[in-house]
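Take a look at the structures below.
Heads up, the next two complexes both have chain A, just with different partners, chain B and then chain C.
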Partner chain A sequence: MPHTKRRRLVTSALAVALGATTLAACGSGDDSKSESGPVSLTYWTWTPGMDKVVDLWNKGPGKKDRITVTVKKQASGDTLVTKILTAHKAKKAPDLVQAEYQALPTLVSNDALADISKEVGDVKGKFADGVWQQTTLGTNAVYAVPQDIGPMMFYYRADLFKKYGLKVPTTWQQFAETARALKKQAPDKYLTTFSANDSGLFAGLAQQAGATWWTTSGDKWKVAIDDAATRKVATFWGGLVKDGVIDNQPMYQPAWNKAMNTGQEIGWVSAVWAPGTLTTAAPDTKGKWAMAPLPQWSEDQDVTGSWGGSSTAVTTDSAHKEAAAEFAAWLNTDHDALNALATDGGIYPASTSAQLSGAFSNPPAFFSNQPDFYTKAAGIAKTTVPSAWGPNVNVAYASFNDAFGAAAKDKSDFGAALKKMQDATVADMKKQGFGVSR
Partner chain B sequence: MSTLAVRKAAPAAGTTPGAAQGPPLRRRIALVPTITLLIGAVYTLLPVAWVVIASTKSGHELFSTFTFLPGTGFTQNIKDLNAYRGGIYWQWMGNSALYAGLGALLSTAVSAFGGYALATYRFTGREAMFNVLLAGVLMPPVILAVPQYLLLAKADLTDSCLSVLLPQILSPYGVYLSRIYAAAAVPADVVEAGRMDGASEWRIFTRIALPMMIPGMVTVFLFQFVAVWNNFLLPYIMLSDDEKFPLTLGLYTLLEQGSNTPALYTLVITGAFLAVLPLIALFLVIQRFWSLDLLSGAVKS
Partner chain C sequence: MSTTTGRKSYGVKGAPYAHPSPATARKGALRAPYFFLLPASVLFALFFALPIGYAVFLSFRKVHVSGLGLGAGARHEVWAGFENYTDAFQDSELLHGALRVLGYGCIVVPVMLGLALLFALMLDSERVRLAPVTRLAIFLPYAIPGVVAALMWGFLYLPSVSPFYYVLQKLHMPQPNLLDGGPLYLAISNIAVWGGTGFNMIVIYTSLRSIPVEVYEAARLDGATPLQIALRIKIPMVAPSLVLTFFFSIIATLQVFNEPTTLKPLTNSLNTSWSPLMKVYQDAFHRGDIYAAAAEATLIALATLVLSFGFLRAANRRTKQEAAG
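Our next item is the complex of A and B:
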């Protein structure tokens, strides 16, 4: 056997490979520049029309400070977090990134986001405490500037509620009664659906009930996805699905769009951005919907959860941290910038002063029948309770989709699904090397 | 897809002489495969039909009318797609054509060289090399996207057209197919005769072997073209500038616009429909080479 020959081949192959790595290593230059010269920043974002907003900066304050920002439009979602982390591994992440609040702990625990507390600390007062808290992760650092928020609300078909003599529920107890009352009167209609394809909805509902899924004590994480508050929410929705008084089909699918458009489903637990979704999903129902605060768990409460929303963060790979932070603060607090974000990007701003001005003085076109839409929305936004995210929200969400997807389809025990979600999340954190206390 | 059809057709043609025992039996045998193939055809064609019909619907009609009822918004959809961010869709289409066309061409050239060399020359480590290639065939390219990104990042090539082209050039499957094809289509005697007549190795390859390998190379080209055209993860990781995006990525950004903005379904569907057309055109144009392929195979056996 040509054993020696083969060995020689392996060694030479190894040598070639090693040579290639050294060569490649030579190619990577360190491009840190001094802060004095003109600075150009890249910004990964998915907000539509962001290029127009950034133009305002490049022609205005950016021109004065010689800071130019280039938008590189991305697709939103968990995949973008993976892309940022991959780029960060090669030290090639852009200067600025858009990140959903629940993605911040993942990015921070991978050391991808810079602490910009020195640069943006003074804009804290422009945001509600519960919103700002999400960008600090409960530390003294600040990892992002809030951009948009998604306070949760209850949407219902005002005309059909009137037709069936239903009252808008203010507690979850009444919500269940309303669902049953509707089912009795019109057996082919549902109040709403429990959808297992968007975990943000369930997370927001649990948050409203007082759940804190991730907490830290010392250097250990505590995961409490199956805490009493979440269990209450899961049991409530599981019961409604099991009794068949609400539907169990997932949202955003053609069948759901049809159900919303034809009035087979007459309500939707959603967030402030719902008008945009309804415009495309249920075009025939324009002007027939109304918005109300989310039902409460007890009469004397007035709180809501959040579903969606994102922030602007500066990466640790940026060579111009101060300039990037300056832009992030301008983008999310400047009056003109926020106005442009609202008209071109369709966002609902996190900055409290912007929630009632400019683009938000009139209701969305789809809700022209509710003139005080945004006044009401701003009031509801104030009642958002703080949320607590951990470093592997994506895993928790994925296991939610699997476990609750199956449970909703089979109309089986939601408690067991919740247990699965908790176990999968804890197991993944341990695997990743986080200390988990229990 | 078409090669699959070709492969399925080949054994069917082979069974014909054996099945010539009597007409009734023959008919009964043909029934099952025909039905199976018909079911397969419906299964693969139904989504295409959906895309074609859905692309004619306006946003208003998309989810409210019967699924297979053509709509009235086709021209408007095309107009909207044209107008979206100054016609960036066509830029994406051009990028896809560049990545797929040039990438497939280069990849076919590399495969032809490699496959021919592996089939004709005997040298140390040939089998080892071939086994590594075989392992490469089994490895899904998706797994390699992230390491390739890290490698190209070291060479400062990320977010450039090269970063999408380079990793696609070496296709283990292409080299594998070329070797098999070269071994079958280029007889050793012909190569030997060329050498006897004093032709250089390069001349033998370009003038004698390559023409014999053309049908196989067309297959490799098409495989690579379709693979690059449909590739998502590699460009997704490599590119951040959406002016360099291929169609797959561009359409994805239209779909995932964040929770405050509804997905641009009509644009995505119309865009997807238009994106299939070049592939169909390519298959129709290149089909004739395949009939040549079948013919040459028949002559040999």
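Our next item is the complex of A and C:
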């Protein structure tokens, strides 16, 4: 559900490695880990229950190192990015921030995030390569520590699939056939909906199909939103909407909740966090859903995209970058911390070892009928293909909302909507002055 | 005004108080008005003029990115001249947004003010029972926050959760889709009318109550029916209130934001820049281009000024003509 975007507020040039860090570095050259006095850090995050997790730190490792972290609860996604950039403009960004992966290029390009490769470089092995690579932006720097991920999966009403004699699709081809078969048997039901209000879903589907929306060569960006892979995805969903075999209403609104709750929609292409959403959106269907890997584009493939997920980053405005990086590494790799994050924050950890331990030994309550939920999820998470984000994801996403929203409503050509998205993204980059190659 | 009187008292009546010298007194008196103006001026400058000035300043700036735009020093704020303004004028979305709001205003303003006037006249007529209760009931929606109202109506508009649709379905009546195409304008307007009628009614009603009863008595003696009294006496006499409510309504219409923003997640028919203010919000907080947003906000402010004061002037001129004729 996290969306994203972010911003291009200005920043003036210089990063500030202010007072304390510099002093600490000079004063205690012998011990790089400790700073000269008690350190207090501010952390902007939207994860629920984060204050409890941070308490663990403040009473444990933090107490020992005299590093106190204070949580300031924030709105999620793009709203926070704007806020961080605004604060950074005044050189007052907090020490630590939560940021979605696709927001990292934006934050980095505004010089808001510090390179913490020296401090956290050794935690790399705890994460899947595709996840870690998103925090380095393909450079030698490290701009964040991965926190949670959202590998995509297919959710379906096991009871209704059985009732209508439907088979769980393993390819998109079968997915389309399933949608048609259901429509034939129960004309008032839909397999799922194509929702234009969460760009992250579409981005994840394109990623699974092999799309790389932003790449760099030399000092130029290449934008490939309208590439063959994405076009395949757009045409596929556009066709289903046009034929009326899936719904075209947006997700996360009362009508959608009702459709999910009453079994009018019997499937959902979603991510590992879906149980949480279903618990609130479709409370009456507890224990009736099942999770399967995402359908594939060809039989011999086994890949998935990601939808959502975020990281913990240290800002360039922080006067205690080392301490902040130490906390970020602890938060996202420590066994107890991750367990608390899973229990209190409901996140699915990026750290591979945590995906099968502690809080994840039992399935989510909503999926008690699927005991191996998290074993399966961890297996699927491994098949996540790397994603590539650019500096104006927000513009691409906003353009997706409008262009695909209109196309879904009119049941018109999704290819044309995709072209609009590509053109709007490129035009925005050119306008800002980015080097863009065709 | 009070200061003028104060000054006069020194000159005319001499010095009832013990003054050091008439010259100093006069100087002090000259300074006094500025002194009294000071708090208001400072507040105005700090919280009004300065932010507006800054917004206008921002509207002439832009960010220039070089190369990949990664790393320190890749972004610079530079002068943009009128670029943000020319872009805003060429942006078809902004124009379409303005046209959509125009359509919306053409529904909201007449319906809302018409209803407000009607209710006010009805409440003012002697035959109404339970007037205070009725007045409160009509006014109440105004006290409900716009976002809450929009959410509530949003639920009522959604076929699968709306009780209205449930009834329509049971009665086998047609079930129009209110969140699409033309009906969408009605749906959004309805929320504004529902929320705004009460306020405007109170304004008109208050001014109706201030009409001296002798006027009605005279009219009745001349044989005027209640309808004639309403049309020929009451409405012309509350014309200034109507002008005022019209003025407020134009401003509120141009600033429409809450209703479409709240309804947006419910339908594909509302885009991120449905109204000009939504476009400003989108640019500032989603695209992060505060410069373009500042330019658009300035344009909207100018349009609001021109439209609302243009209307006031026209209305005043007419009143004067009528008074003269």
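Just so we're on the same page, the second predicted complex is superposed on the first by the 403 of 438 C-alpha atoms of A that agree within 3 Å, B and C clash if a C-alpha of one lies under 4 Å from a C-alpha of the other, contacts with A are read in each partner's own complex, and residues count from 1 in each chain.
In the analysis below, contacts are C-beta pairs under 8 Å (C-beta built on N, C-alpha and C of every residue); 3 or more make two chains touch, one makes a residue touch a chain.
Treat the numbers as computed from the prediction; the structure is a model and nothing was measured.
So, on chain A, is it clash or fit between chain B and chain C?
Clash: chain B and chain C overlap once superposed on chain A.
What is the contact status of A:79 with respect to chain B (first) and chain C (second): first, second, both, or neither?
A:79: touches chain B and chain C.
Based on the superposed arrangement, let me know which partner A:196 touches: chain B (first), chain C (second), both, or neither?
Touch partner of A:196: chain C, not chain B.
Just checking: does A:258 make contact with chain B only, chain C only, both, or neither of them? Give me first, second, both or neither.
A:258 contacts both chain B and chain C.
I'd like to know which partner A:188 touches here: chain B for first, chain C for second, both or neither.
neither
Please work out whether A:216 is in contact with chain B alone, chain C alone, both, or neither, and reply first, second, both or neither.
In the superposition, A:216 touches chain C alone.
Looking at the overlay, what does A:398 touch: chain B (first), chain C (second), both, or neither?
In the superposition, A:398 contacts chain C only.
Contact-wise, after the overlay, does A:308 reach chain B, chain C, both or neither (first, second, both, neither)?
So A:308 only meets chain B here.
Touch test for A:276: chain B only (first), chain C only (second), both, or neither?
Only chain B is touched by A:276; chain C is not.
Could you tell me if A:94 is touching chain B, chain C, both of them or neither one (first, second, both, neither)?
It touches chain B, and chain C stays clear.
Common interface residues of chain A with chain B and chain C?
On chain A, the residues that contact chain B in one structure and chain C in the other are 5-6, 9, 79, 254, 258.
Would you pull the chain A residues touching chain B in the complex into a rising list?
These residues of chain A touch chain B: 2, 5-6, 9, 21, 24-25, 27-29, 42, 44, 46-48, 72-77, 79, 83, 86-87, 89-92, 94, 148, 150, 200, 254, 257-258, 261-262, 271, 273, 276-277, 279-281, 283-284, 307-310, 345-348.
Mind pulling up the chain A residues that touch chain C in the complex?
Touching chain C from chain A are residues 5-15, 78-79, 81-82, 85, 105-106, 108-111, 137, 139, 196-197, 216, 219-221, 248-250, 252-255, 258-259, 264, 391-392, 394-395, 398, 401-402, 405-406, 408-409, 428, 432-435.
List the residues on chain C that touch chain A in their complex, please.
That would be residues 63-77, 154-155, 158-161, 180, 265-269, 271-273, 282, 284-290 of chain C.
Tell me, which parts of chain B touch chain A in their complex?
Going by the criterion above, the answer is residues 59-60, 63-64, 67, 124-125, 128, 146, 149-151, 153-156, 158, 236-237, 240-242, 249, 252-253, 255-263, 265.
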